[in-house]
Structure formats: C-alpha cells, structure tokens
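Both of the next two complexes hold chain A, though its partner changes from chain B to chain C.
Coming up: the complex of A and B.
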C-alpha cells in the first residue's frame, strides 16, 4: 500500500468519523415558532408525526397531498386536540419549495417527513377548500372519511427538543 | 427539428465523440498527464517490478482514482452537515432507526438519492447533457418527432401487455369499481356516463415514431377492449377514440398540445360536444336554455412533459406553446362561466383533463365550461389531478351533498389510468 493510498483512506476515515460525531451530537433546541406559523391558518399546534401509512407515490406528473397522522402535543391557536389527519402537499419536496399554483401559500422549514418527528403546524380544517390537487388518504376506510375532518397543512416547521 | 438545432447537436456530439483528448483536457496534457487510451496504444517502456513512479501510465490512474475517492469522501460528510443544519440530525441515521426490511431499505435508499445535495446540483446539467447527446429526456418523458414530447407512462400503457385485471381483483379491477359506482348511483336514481380521455400517444402515435401509421386502432387496443367490456356490462360510455380518429383524418387542428400530456382547445371542444350529444340523446336531464357566449383568449403554456425532464436547460430550448382558447362567458353578466354546486342536475368528475384551461389559465375555457355551453346549463364538478380512478370519488364521499338533486354523473379519466391510476381502482362507499 503506497503512502498516497494510506493518506486517502485516512482522510476518508477522518471525514466519516467527524461527520458521525457531529451528526450524533446534541442539536440546538428549536420550538418551531416563527412569524409565518404564528399567523397562517386558523389553527396552530405542536404535534408529533405518529404515522405515515404506505409510501409517497412519485410526483413526476401529478402533485398531490398525502394525509398523515399527527398526535397533538400542544395547541397554540384555535381548537384541535388528540389525533389529527393532516394533508401535506407534495411531501417529497422540502416545505420551503413545495408551494405552487395548486397549493396556494404553504411553506416551512421541514425538509422531509419521518415518523417520530415533531412539527409546529399552521392548519386549516377543511382540506378540500384549499387543495386543488388529488388527496391521498390511506385512512379513508379506517376512519370513515365523511366524518373525520382532514386538515390542510399551511406551514410546517421542525421542532427540536 | 430545425436546421439550427440539428447543427448544434451534431457539433455537440462531435466534440465529445470525435475530439482528441488534448482538446478536452489540455491542462492535464500540460501537467504531463497521459490519456488512458493513448497510453495503452503507445505504452512507455515497461520497467521491471512496480514501474517508474510518475510515468505517463501510472499518473492518470492515480489522478482519476484520487478524484473519485475525494468525491466519495466529501459527499457523505457534506450531506450530513447539511442535514444537521436543516433537520437537526443526518438523514443517514434513519438507517439505524428502522428495521432493515426490504421496503425500509428501498425507501431509505430512494430518500438518500432524492435529498442528496450533489444529485440536486448535478442532475439538471446531466439531464441536459443526455438530452443533447441522444434526446434522452429521462425516466418520465419521451422525445418524439417534430419536437413533440410524450409522457413515458402513457406510451408504456399502450406497448405493454395489460390483462384488463381479474374480476374481483381488488384495486386493480377498474371494471369492478366502475360497475360498483354505477350501481351505487343507480340506487339514487342517478345515471353514470363514463368518458375515457385518449392518451396523446393513442391519437398521435406517428408523432412518437415514424414506424407507426397515423391512425391504427390497434394502438389503443387496451382502451378499445375495455370500452367493449363496459358496453357488455351495460355501462354507458362515449367513444372519444373513434371521434378523434375521424377528426385526424379530416386534418383538423391538433387535438393535443405538442409538449404537454393534455388535449388542445380543439380536442376538448370535440370531447365536450360528443359527451353533450350523448347526454341529450339519452334524455337523462332536462334541456337547458342558457346561451353561453364565447370569448377568444390566448395563453402560453410550458408543457408538463417538458417540466418532467427536470432541467431548466432543456426547458429553455423550447418556447412556451401559444394556445388560442375559447373562454365561455355568461351572456347576462359577461363574467366567465362558473359551476353551480347544488342546483344543476349534472355532476362531472375527472382529472387534469378537466382542469386544463378551466381552473388553469385562462379559466372557464376547459371541458367543463364547454360541456355546460353545449348542455345550455351550468354543471357541478370535482376535479382531482391524477386522481380520477379513486381519489375523486373519495372526495365525493367527503361531500355527499353534491349528489343532491343530480340526475347524471359524468366520470372522465385518462386512458392510462386504467392501469396506473393513483391508488388503483378502489370501491368507494358514498355517505348520505
């Protein structure tokens, strides 16, 4: 093994270990509050993403909203408690760039959706009034869609505890 | 393809396939770095043992290997740092938080690819490079003749076998879902009319490949056979395939947009006329009396197929299509046509074929407005992009009040959704 090979392997190892150390380290707490989430929508909650049923379909031709299940941890504005079904528009995209002519103004700083994450959400209660795209609701049979309200996520910020 | 573009592409290909290495990597030559092929053709004298360090053969291998390893080395840490800044933890740690099942691993791999900073940075340029070299528009789009572009899934639906699903085949059984919906509506004394919107490749196969004839019923054989099965099941339909084939023989204006999956204003006008003729002939609803007016409006549109190529460099090569639309207006108020949710006897369900020109620019110039004009009365509608197979009926289930007073539901969906419909073909229960 030449000295250059050893140098390269050591460099790769150093970067890898450094990244893992930095990645595993404690992140700065963030309650997700900002002027947008505090003013958009009629409801504002901090909620834990407890379930994403199925996989997000590709968004190559059609953008869609995907309904996910949240558990409310704290209500900041409006009325919402317990389990909420929330439609996130075009969930394969970062919230900051997901908005288009069919979604209206949406946003936030969440870049991807993972079960277990906590989000600060600005919501509207009736998704059909806000979302012009298809709405994929995997809970349709389970939760009787005509009874369970589907919320529309207007703003979605990450919360780091 | 115009002469300028052909010349540009030829010169682009020449540069990469015919140019000498010195033209592409002059700086490497200047550094004494040999080109791999050239080095093999003119090998330096082979020294005994490990060779001479810094020879013309060994240096480029080291150089390329070093570049390769550096790229690999920086990708992960940079991505981890970016993830840390945006999400609080690196995405790669998701691997540790899930069971290593096949589904989870595939999802994890796909998410890594989608969110990689390097892929985001390089993808548009690479996509353009592939297009310039071989007119490859990527996984989602196909380049046809005369700058016509096609949605790959639409072409694949025509070319691949489709066994029409097995009856009772769960969400893969469109016939079962349609018959179930028809029967559900019949219990409320509401008729159902099914309209399959032909895919662009079915009507313009000759624009996809020079080897295909202009009109050939075998091209849309899947849809043709499915229409026959609907007829056997006594489900009323409108055959737009035959209507469009006749229109093409008459050399009428193009029925589809060149770089979009959807129909042109002429295509939707023909469709609306054919549907209205069937509705009036069957006497499902009372005749209307409103005489809507038409207002010419021109819009420009960047095709959705072009956007699928996912490269601004490719998009910039094509000018937006200029489209002459006919906006439907209320003669009493002069305002653009607007649906009425509850009063009218017709509810229209469908996908983006109903959205284009209707809620998209210029507005009130789409299928729905033109159908209302032909029927001389407003209609109600639910439109779900890509969701006509199941999602649009789920939305109807959330708003069953839209069925009050209805005599007819017109259900439009695009041909390829017979196989590729989002969420398949579920049977949907309608509330009271």
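Coming up: the complex of A and C.
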C-alpha cells in the first residue's frame, strides 16, 4: 500500500466518522413557525401525526389527497383540539413541490409523512371547498366512521423538539 | 350509395349467411353503411403539424377534415354546442403535455363555428375551468374550487352558482339541464361517478370506485363512463379500464365494452342513442399525453360486449357478445353531433 493510498483511506475514515457524529447529534430544535404557516389558512396548530391508514397509492397517473390522523398538541390560531382528520394533497411529494391546479397554494418544508412526526400546520376546516382532487379517506370505511370535519392542509412544516 | 358499399354490403350479407360465426371484420361494411349519414364526430389528434389539432370525421370513417392547423398551439377536447352550430375547446401553448385528468383546469377556452372558423378566445389561461355547453347554447357550466357556475358566453356574467358537492372534474350538464354529472368523492373513496340535481343541489352516487369521464345519453336519464373494477388480473393486477353505463340514479349498471388488453375511454353516445363511440388505449389514461388512441364505434344494442381474448372478463360476463366495431383514426375526447356541419374537404 502506497503512502498516498494510506493517506486517502485515513482521510475518508476521518471524515466519515465526523459525518456520523454530526448525523447522530441532537438536531436543532425548530418550532416550524414561518410567515406562511402563520398566515395561511384559518387555523394553525402544532400536531403529532398519529396514524396513516393503508399505503399511499402511486401518483404517476392520478393525483389525490390522503386523509391522515393528527393529535393536536398546541393551537396557535383558530379553534381545533383533540384528534383531527387532515387531507394532505399528493403526499408522495415534498410539500414544497406538491402544489398544482387541483390544490391551489399549498406548501411547507415536510419532505415525507411518517407516523410519530410532529408538524406545524396551517389548515382550513372544510376540505371540499379547497381540494379539487380525489380524496382518499380510509377512516370513512371504518365500522363507525367519524363525522368530524375533514381539514385541508394548506401549509405543513416540520417541528423538531 | 357509393360503389364501395354497393359491392361490400351484399358480399358481407352473403358471407354472414354462409358462416354462422363470422369474424367481426366482416360486419364492418354493414356498420359503416349504417353510420354513413349519422352526422359528424369532432375530436383532437396529433397530425402533421406535430401539435394537437381539431378534426371532424363522419362516423363511418370517411377521411377526416381538419378544423384547426396551428403550429403555436395544442387544441384539444372539442364539444359541439347542442344545436351543432359551434364548438368549444381548450387551447394550450405549443409543447404543453395535455394531462388526461387535468386538462379542464388549463388552457384557454375557445369558441368557434363548428367548421372551425370565427374562433374566439373567451378566457385567459385556466379561466372557465371544465367549461361545457348548457342546453340553451348560450351559457356554459364551469367547475371552480368554490362551486359550479353558470356563465353567459356572450357577456361573461355569472347567472347562477351552486355547491359542487365533491365533484372535482369532468362536469357535464344533462341535455335537459336537470342534472350535472361529474367525477367526485363519495364516502371516503375517490374517483366515483356522481349526479347533482340542479334544482335541489342533492348529489347521488352512480358508480363508486375507480370511475371517471362520464357523459350523458341523449335521453338525460343514463350515463356512459369508464370504470376499472377491482381484483382484475389484467395489466399485472392493475386492471383494465372498461366502458360502463348506468341510470342517473345509480341503478342498472352494466358493462358496455371491455377488453383486458386495453383501457377504454372517451365514451360518447350518438345523438339517437343507438351507437357508442370510445377509444382503446394500451396505456391507462386515454393517451392524451402522447398521440391519443384509435377510436371505435359500436352498436349499443350489442352491449355488453368484450373484445380480444379477455378470458377473465368473458368469465365475468358470460353473456357478452363479440360486437362488430368500426375503427376510426387515433384521437382523444371525441364528441358527436347529427347537425349538418359544413366543412370544406
């Protein structure tokens, strides 16, 4: 092994370990607040994504909104408490690039939806007035479907505690 | 009668008499003769301009005549006015990919005489979404996020608004103006055929699950639409999209035509209710993103019908026929009138 090779291996090892240390370290807390989430929609909450029933269908031919279950942790604007059913448009896409003709203006910095994540959400209370797409709501198929309103996610930011 | 028909029809009838189960191709001349004086079909297609243009064709497949010849625009989704004197369509910038499901949200609405002349751009990009003729030919219905609007073609005045009740695309008024049909949300499921009563605003499901592109029968009582039933083996379990019909109240659902190798879209009933027009596409979606798909005409009396091998579909519909089909050029979103449309060859 030449000295140059040993040098390269040592360098790669050093930066690799450094990168792992950075990745494992505590992320900077972020409450998800920004001008958009604070002004869009009529309701603003911090909420935990507690359930996604089923699997998102492919979106190569057909775009849709998918209803997910959130638990409100804090209400910032408007009135919303407890469990919310929230429709996210085209959930296979990053929020920043999900908007189109069907959704109107939506956005945020969430890149994927995972149960357990906490989001700061700007919402509207009646999804039917905002979403011009198919709405998949698996909770409506339950034995005792909820008659709670379906909220429309206008802006969805990640919260890091 | 043309020389073509004077020879072909007797020959075909003779063959039909001699062969108990004749291949569908041998019936084509008979079907073509039936259709020869049945008005015009307007459709969009890609032609030598390398953009989408509008064409009309006789339903017997005689050579198409061009309505538009533009190199800067993609013209698509034409529909005759109720009296057949005008067409409306959407015009997109050149090289736009026309999305098979979102086309009604985009492009400019254009209204022209049915021969393509006197074209007038009515709205800017995205205005008048999903515009469709109302029965009086003086208004169009449009589907907005906040609801359905009836708008005067001449003045642009909104004369009526109503909630859209979950309808999100493909809104079409019935010929008698009593209802709208559309693709909408029902009970947590997306992509359903629904009807909305224009007087009461009540909405009812017609066909729930993976259905779209509804169109009215001329009697305003029935609908034709595309549907992809669940649990099919075709297309590696994805399923084939079939053509169905039903009463507006959701009763009487029935297969019209299916072929496990193809997706059937563009369902349109002739103005006398005797024939059905559709496209057969290998890829789902109807082909608007590429070159469209071949159009076909079938007698409605032959429904339910199944094409190709379609073993699984035939097993589900053992009484289905092998209906004769008349193939027309490739196109997308065809529409049919019996009005006398005068278009120079």
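By definition in this document, the second predicted complex is superposed on the first by the 137 of 161 C-alpha atoms of A that agree within 3 Å, B and C clash if a C-alpha of one lies under 4 Å from a C-alpha of the other, contacts with A are read in each partner's own complex, and residues count from 1 in each chain.
Simple rule for what comes next: contacts are C-beta pairs under 8 Å (C-beta built on N, C-alpha and C of every residue); 3 or more make two chains touch, one makes a residue touch a chain.
Worth saying up front: this structure is predicted, and the values here are computed from it rather than measured.
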Chain B versus chain C as contact partner of A:62, first or second or both or neither: both
Contacts of A:140 with chain B and chain C, given as first, second, both or neither: both
Partner chain in contact with A:116 - chain B first, chain C second, else both or neither: first
Chain B versus chain C as contact partner of A:92, first or second or both or neither: first
Touching partner for A:100 - first (chain B), second (chain C), both, neither: second
Chain touching more of chain A, residue-wise (chain B, chain C): B
Touching partner for A:132 - first (chain B), second (chain C), both, neither: both
Set intersection of chain A contacts, chain C complex versus chain B complex: 61-64, 101-102, 128, 132-137, 140, 145
Interfacial residue positions of chain A with respect to chain C in the complex: 61-64, 67, 100-102, 104, 128-141, 145
Chain A contact footprint on chain B (complex, rising order): 62, 66, 69-70, 72-74, 76-77, 80-81, 83-84, 86-94, 97, 103, 107, 111, 114-115, 139-140, 151, 153, 261, 304, 308, 352, 355, 359-360, 383-387, 391-392, 394-395, 397-400, 422-423, 428, 431
Sites on chain C touched by chain A in the complex: 100-102, 105-106, 126, 143, 145-146, 164-166, 168-169, 183, 185, 187-191, 284-285
Contacting residues of chain A [partner chain B, same complex]: 4, 8, 11-12, 15-16, 18-20, 22-24, 27, 30, 55, 57, 60-64, 92, 101-102, 109-112, 114, 116, 128, 132-137, 140, 145-146, 150, 158, 160
